[in-house]
Amino acid sequence: MNQKVVTLGEVLMRLTVPNQKRLFQTVNFDVNFGGSEANVGISLAHMGLKNSHITALPHHDLGERVVRFLNMNNVGNEGIVRKDGRLGIYYLECGAMQRPSRIVYDRFDTTFSYLKEDEIDWDAVFEDANWFHYSGITPAISQSVADVTLRALKEAKKRGVKTSGDINYRRNLWQYGKQPLDVMPGLVELTDYVVGGRVDLENCLGIYDDDWSRNCELVLEKYPNIKAFSKSIRDSHSASRNDLTVVMYKDGKLYTSKKYEMNNIVDRIGGGDAFMAGLIYGLLNLNEQQTVEYAVAASVLKHSTIGDVNLSSKEEIMHLVDGDNVGRLLR
Amino acid sequence: MNQKVVTLGEVLMRLTVPNQKRLFQTVNFDVNFGGSEANVGISLAHMGLKNSHITALPHHDLGERVVRFLNMNNVGNEGIVRKDGRLGIYYLECGAMQRPSRIVYDRFDTTFSYLKEDEIDWDAVFEDANWFHYSGITPAISQSVADVTLRALKEAKKRGVKTSGDINYRRNLWQYGKQPLDVMPGLVELTDYVVGGRVDLENCLGIYDDDWSRNCELVLEKYPNIKAFSKSIRDSHSASRNDLTVVMYKDGKLYTSKKYEMNNIVDRIGGGDAFMAGLIYGLLNLNEQQTVEYAVAASVLKHSTIGDVNLSSKEEIMHLVDGDNVGRLLR
Amino acid sequence: MNQKVVTLGEVLMRLTVPNQKRLFQTVNFDVNFGGSEANVGISLAHMGLKNSHITALPHHDLGERVVRFLNMNNVGNEGIVRKDGRLGIYYLECGAMQRPSRIVYDRFDTTFSYLKEDEIDWDAVFEDANWFHYSGITPAISQSVADVTLRALKEAKKRGVKTSGDINYRRNLWQYGKQPLDVMPGLVELTDYVVGGRVDLENCLGIYDDDWSRNCELVLEKYPNIKAFSKSIRDSHSASRNDLTVVMYKDGKLYTSKKYEMNNIVDRIGGGDAFMAGLIYGLLNLNEQQTVEYAVAASVLKHSTIGDVNLSSKEEIMHLVDGDNVGRLLR
Amino acid sequence: MNQKVVTLGEVLMRLTVPNQKRLFQTVNFDVNFGGSEANVGISLAHMGLKNSHITALPHHDLGERVVRFLNMNNVGNEGIVRKDGRLGIYYLECGAMQRPSRIVYDRFDTTFSYLKEDEIDWDAVFEDANWFHYSGITPAISQSVADVTLRALKEAKKRGVKTSGDINYRRNLWQYGKQPLDVMPGLVELTDYVVGGRVDLENCLGIYDDDWSRNCELVLEKYPNIKAFSKSIRDSHSASRNDLTVVMYKDGKLYTSKKYEMNNIVDRIGGGDAFMAGLIYGLLNLNEQQTVEYAVAASVLKHSTIGDVNLSSKEEIMHLVDGDNVGRLLR
Amino acid sequence: MNQKVVTLGEVLMRLTVPNQKRLFQTVNFDVNFGGSEANVGISLAHMGLKNSHITALPHHDLGERVVRFLNMNNVGNEGIVRKDGRLGIYYLECGAMQRPSRIVYDRFDTTFSYLKEDEIDWDAVFEDANWFHYSGITPAISQSVADVTLRALKEAKKRGVKTSGDINYRRNLWQYGKQPLDVMPGLVELTDYVVGGRVDLENCLGIYDDDWSRNCELVLEKYPNIKAFSKSIRDSHSASRNDLTVVMYKDGKLYTSKKYEMNNIVDRIGGGDAFMAGLIYGLLNLNEQQTVEYAVAASVLKHSTIGDVNLSSKEEIMHLVDGDNVGRLLR
Amino acid sequence: MNQKVVTLGEVLMRLTVPNQKRLFQTVNFDVNFGGSEANVGISLAHMGLKNSHITALPHHDLGERVVRFLNMNNVGNEGIVRKDGRLGIYYLECGAMQRPSRIVYDRFDTTFSYLKEDEIDWDAVFEDANWFHYSGITPAISQSVADVTLRALKEAKKRGVKTSGDINYRRNLWQYGKQPLDVMPGLVELTDYVVGGRVDLENCLGIYDDDWSRNCELVLEKYPNIKAFSKSIRDSHSASRNDLTVVMYKDGKLYTSKKYEMNNIVDRIGGGDAFMAGLIYGLLNLNEQQTVEYAVAASVLKHSTIGDVNLSSKEEIMHLVDGDNVGRLLR
């Protein structure tokens, strides 16, 4: 396979409270790394694609730790900028049963928030690229990285690279003076494939309808550049049991995946990013129905894996899509 | 909130076999602390009440360890007596699936069993108190602490403090020469709110009827001082799956909570004490139906938490009672 | 109880990836030991029988580690031969949810594969023995241990010792030039009790029928020495949820156990060996229906236990067979 | 003992790389808490004094974690202010042999840096207080906490409470526009007991002389309010071996402690704060020579203990000062 | 080698505070097992001798845990009595540098203290035995086990088995009404080889002289049955650095070993028992000077090993006695 | 810096017994990776050079684990061949004090041993290369990789790339029919810089003299192509304390480094490879005396680091060479 995906976004250190303790009890943390867009890129790398991730990291040894994490996962270094500053952090308390998982963020004023357009070697990053992906998180962080996002979309378009955006809305970000409606429409205009739910559409694009298909139509009327629209649907029975489906609206048709019952969830973080990666893989390599099946299976497998990133190969995902003998020991 | 609960009881060290090993295999232990009544007091402290716990602990550094545990959980020190002797222990082997959890006790002849009435500063302990709680475990340990229990109830009554008792019957205790029927009725006569199941009533009060409501009526006929009677009902499908309901009989009416399906149980120990604490909180702050709903939700959340104690705040418990989006990630 | 079982087989070191990580991520391994036949023997030792296990282990300290493991589990040393060479290994990546567990073997050219008939003190091993058990794995490893297996069966028969064989077929073994059909029939002719599924029968005995009862009849026609035929039936819903039943064909009748729903599976490895051990125990001590119930309960309890071996006592297994209050805390 | 010490300062979370790994390799962190002045206060609490610590902590559960840490160590809550914001962090890579330990700070813009004078209940904090201690770190953080420091000194003086300051100079702080020479002299004028080395004196007070005694005299000429001047002298042979002495200049005399050879250092962080706590304890309870001996022994014992805080009791410190059978097992 | 040593004594569970924490901080314990005489027996088993250990253990699974520990270390089961009761415990806080290790005992009223003479199958235990060893700890525990000790010595003498006693005096034991001088002389009269220091001799035998050789002479005058007298001499520089020598007085001559500088001590517990085991091995197999060299080297190696027991083989001990390339990597 | 080093050699998985346990006790392993030549390459990568490592790894996920290890450490992939087979292993038991560390190898018949000359893309590997390094271990493994070594040297020479060889002699390898004297001289003839001690020279080149300088002269007479000759000198006081010096013979002069006392050794494995890497760095960038000082300091720092590889940067090594304030905390 000779496909390369460019992703843009912050990589945070995740400090997870181990052994099902509460955050206010903890005596140690497990260390993982993630960020919505990097999760997508690394998932695609595990499916066999190339990935170049644009981000900024501190000079100090914790920044080096992240570089090693990215290297280890086969992410290309071309888009990694090293600067002074701090690494963003989030603390994860793992839920169980009827007790939800909880996140405490400490991600303001990070090195990434100061990343500038001209610090990136756009030619190196986009060399041989087929796809560019961003999310609604980056433009919410600072004007500087909102500008980087717009620039990246333009660089992609300039080179004929396909683009996708996960326009997830994060209320607690957006503190630099701009509102989503000031920024997101300009980005979506340059986006071929959009992922988002009703709340995201309402806040980022100002479009709302109770019916999701109608919602899609309204978006597509306003943004005729969009080629497909997708989201995952999660029913949360408890922190340990969710059900998951993926739907995609494309060329006037709604494609719906099989619904998976997810019991004994291991790690729910990054489930949406795994779905996003599955979607991109499918759009590049599969037909529409296969795409939603692949995307939902990718997300399900993520829930069985510690860390923000789906580590499954495309063979493992296809094995679940094919669905015989689910969970049977492989010798 | 300006409520204070006084509790009385032994605090044991719990040595838990980690990593799902059997006790006869173990190479290490996780350390927790608990005891039925302290569990109730600490749970209430996590709900925002004050708690003063009456107990006795050894002088040595393991006793100090328990004091630090209590301090950390916001328990007042007024009722803690330091004496020579040993700390009681229980070993916990964690069950899974169809294999039950198992406890080995090593709790005879402990410092607590020698605690004497006049070692306690009753005025300091009961200053500003609204409630006193005890269980049927303490009077089963020794004459000395049975006397302390009776004295505490009298001190509470003298000051107009409400009283509750969880009259759980533990066959393996009661080795100092008295039987439950010699001791428990005298305590129940001074108790406003009683928790117990059929087996407990039969052994502690000599009252038995197959029908639980009728059981309650018989108890209330004999002990007209009792204002309400409650218990939790647990269906055990496996060590990993229990279902839970709470019922309360008050003023001639039976209040029944929602029934929760508890899958993927993390730690079942202290589930009854969490229910007891929820009940006390409800009786102090909520109406009857709210009380049983709060009590059962508190107990459910305990099952998701490592250790003997429910660490949930009242907001978290109410969040489950309200019941939308159970288990959904909180950012 | 004064029963003694002789088992023959390789003991491998199992290196398990802890904390639900993938093998390609691991920074440490948990160490267990197991092998199909040793698992059977040790399970029986935990049920109160004596066990003498025939195997070969390296001289170095890792071989010593295995000896200590066997000693600790009450396995007699008479059949343990120490030689030069390497210890076989298997790597276990633990699945969860819809992601299967995976095994990577590194078990060629081990000390065990060079074990020779005349290195074993057959009299010491079979002293006071009631039963001999082998599996289809050993004769697949090398000519030398295939010869040992045949010799052991003859030694058993010579002494009037009952014999059982779990004729599981492992495609990846059988690399020394012989095929199962060259070897297994000669062993089955000396076997009183046989365990195997359709795939095993087809490959090891060349007998196949879609209907399992018919399959049994065909086998019994060809091998009239066989007294009973059994297998477990596993429905795999996911790596975390399997359902399990045991069936046994004996004297023209089919005995079927209760079907267990196994949720929250802790460790699936050795489930078949626990069933095998339960079957042997039952055939020695129980009637037919009790035997299948005991065998399936033994296997279910194995799934709740870390490691290859069922550590349950016969009382614990009987407690599950009796089935009241499954999973209820034992104080 | 009825002595109470008030301390003021930030409490940071320390994330320690375990198992002697490098920071850029780490897969987990051990969690400790500390800060120069809190370390002093908690050390004194372990010696039997009361301690009330003035600080600000975030509302979220990580702030709660710190409160539990303080409670557990017997620190009074009167001076703890809860506000929005983030918790300061430092990362510790543990050195060994000739490789030094390394710290990466992430402590800008924390909740503490926004603490304001009027958020503190000065009467509650200083009730029954004998001593107030601060360090040169707090005034380096922000104007707001520099103001709090000055105010605290005035509140102390107003009440006749003795004061001490550890005027350690931290070049990387001091980024809010003021220089040490703008701020520190005003604080030192209100300080009875000062700790600092040549570099600290030069940068904070503008006084320098190669000879330390002469340095002291120069300081005392300019600040006649100072009653004693002290410092510890550390010879660093390697990360695992330091030698330590304490000197104190008081009433024109120089007191010098025994010199300790510290091999196999366990945790060097907080060694200076343990000395500071020992000094305060000595100045309150011992004569001059005893004071330097007690202070150096306290610091030595800190080096044997994980975490920022000296956990030794005064009996343990005195045991080392007395010096027989050093390190001999205590049964 | 065909030598068998019988030992008698309690086996305690040791709960060690890991990660250099203080006991009052601990959140987990490492589990080891030991007891002075069992340590001697197991050390000898690692040197290739047979060992049969006389002790009593509870019926419950923690007792089973100890049996597995003994089995694993090749201790024969003939002398293990299972009874009701509790397992003795000791808590170990590990010192470092100038901070000593500390032990908290919880060993009263244990199963072992109720062991009775007639519960032991003396013939089975002493079958093929060459040596019997006891210590001064057992007769200090209860009248019942003091009686067992005397009986064991008589059983040994009756069979011509050599006897040794480590008459270490433990002040905190001896609470059952007898004093050492009431009991120990009767035991020493039946003892061939005695180990003890000045304090032990004074308290157990009432003999004291400042000069140790003279001390030996006085003992030998009174107890002409004694064939040799030995002790180890430990200089404690810190918890991490001790120096060690062994001396033995035999046939009027004093044999002195090489003095070892022990830096970076890993675990000091059981150092004396390792010396004792080395002494017994030497007296059975080596000449006098070799014996003291072997005994001191065995003890030094114990200090490098976690747990109460010396795990070194006789080859490893001899390798140190020979002393070339100490500590050089063995491939 | 724009230097690139090519290395050739097997990468083994190292399974380390943690917590200072013996191999025969272990319940888990820490996982590291290493191999003499890869250690050299990765050390150089940490000093800022590029490294391309020639090796062969199995297809399965454990092979993938090694690839991730190499990626993470910035090793180029060009020389990594994936094939069927097994990964070589070595087990490490960590010594302490007078007890040596011990290694058990399980490295025969590995994937690497089947690596063939024509499986390597020599142009890609040597693109921009300045240096090629091999050791005497690879030619000892199999004819096939001995051939690869010779070919690599020829490829280097063809391109004007400098070459170095660490001719360490491993007696237990060399089992494929050739002896060192059959193979090594042909390699040394193509080597510019040679490292080896007296035993290595004797066995690999057949040259021996008691005096090392004379030894060097003899080698240089026979191999005039050699430009410099070096070795490290280690005095082993115990497993925890070694002293280290480096000497280099070049252009008729002997350069000797400072001698370091290494106390509290953390991990001795790879100390020689760290010296080798330091030597290569020095020969490329420093003068002769600086080179031996840099090489010895690099090796000393390795001893403070867990794992086979020196993780120090050139700044850290230079900091030790400069030698002020050794071990002082870096904030």
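Every chain is named by a letter (A, B, C, D, E and F) in the order it is written, and numbering of its residues begins at 1.
By our rule, a residue touches a chain if its C-beta (ideal position, glycine included) is under 8 Å from a C-beta of that chain, and two chains touch if they have at least 3 such contacts.
Treat the numbers as computed from the prediction; the structure is a model and nothing was measured.
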Any chain that touches chain F and chain D: A, E
If a chain touches chain B and chain C alike, it appears here: A, E
Chain copies touching (chain D, chain E) - same or different residues, decided at half shared: different
Identified repeat of the D-F interface (over half of residue pairs identical), from B-C, C-E or B-E: B-C
Most remote chain, CA-based centroid, reference being chain C: D
Separation of chain A from chain F, taking each centre as the mean of its C-alpha atoms, in whole Å: 42
Separation of chain A from chain E, taking each centre as the mean of its C-alpha atoms, in whole Å: 62
Geometric centre distance via CA averages, chain B-chain A, whole Å: 45
Contacts with two or more other chains, residues of chain E listed in rising order: 22, 24-25, 27, 68, 102, 263-264
Pairs of chains, among all present, that meet the touch criterion: A-B, A-C, A-D, A-F, B-C, B-D, B-E, C-E, C-F, D-E, D-F, E-F
Residues of chain F defined as touching chain D within the complex: 260, 262-266, 297, 300-301, 303-306, 311-312, 316, 320, 325-331
Partner chain F, residues of chain D touching it in the complex: 19-22, 24-25, 95-103, 105, 170, 172, 236-242, 263-264, 268-269
Complex contacts: residues of chain C adjacent to chain F: 15, 18, 22-31, 60-62, 64-65, 68, 86-87, 89, 91, 93, 102, 104, 106, 108-109
Partner chain A, residues of chain F touching it in the complex: 68-69, 71-74
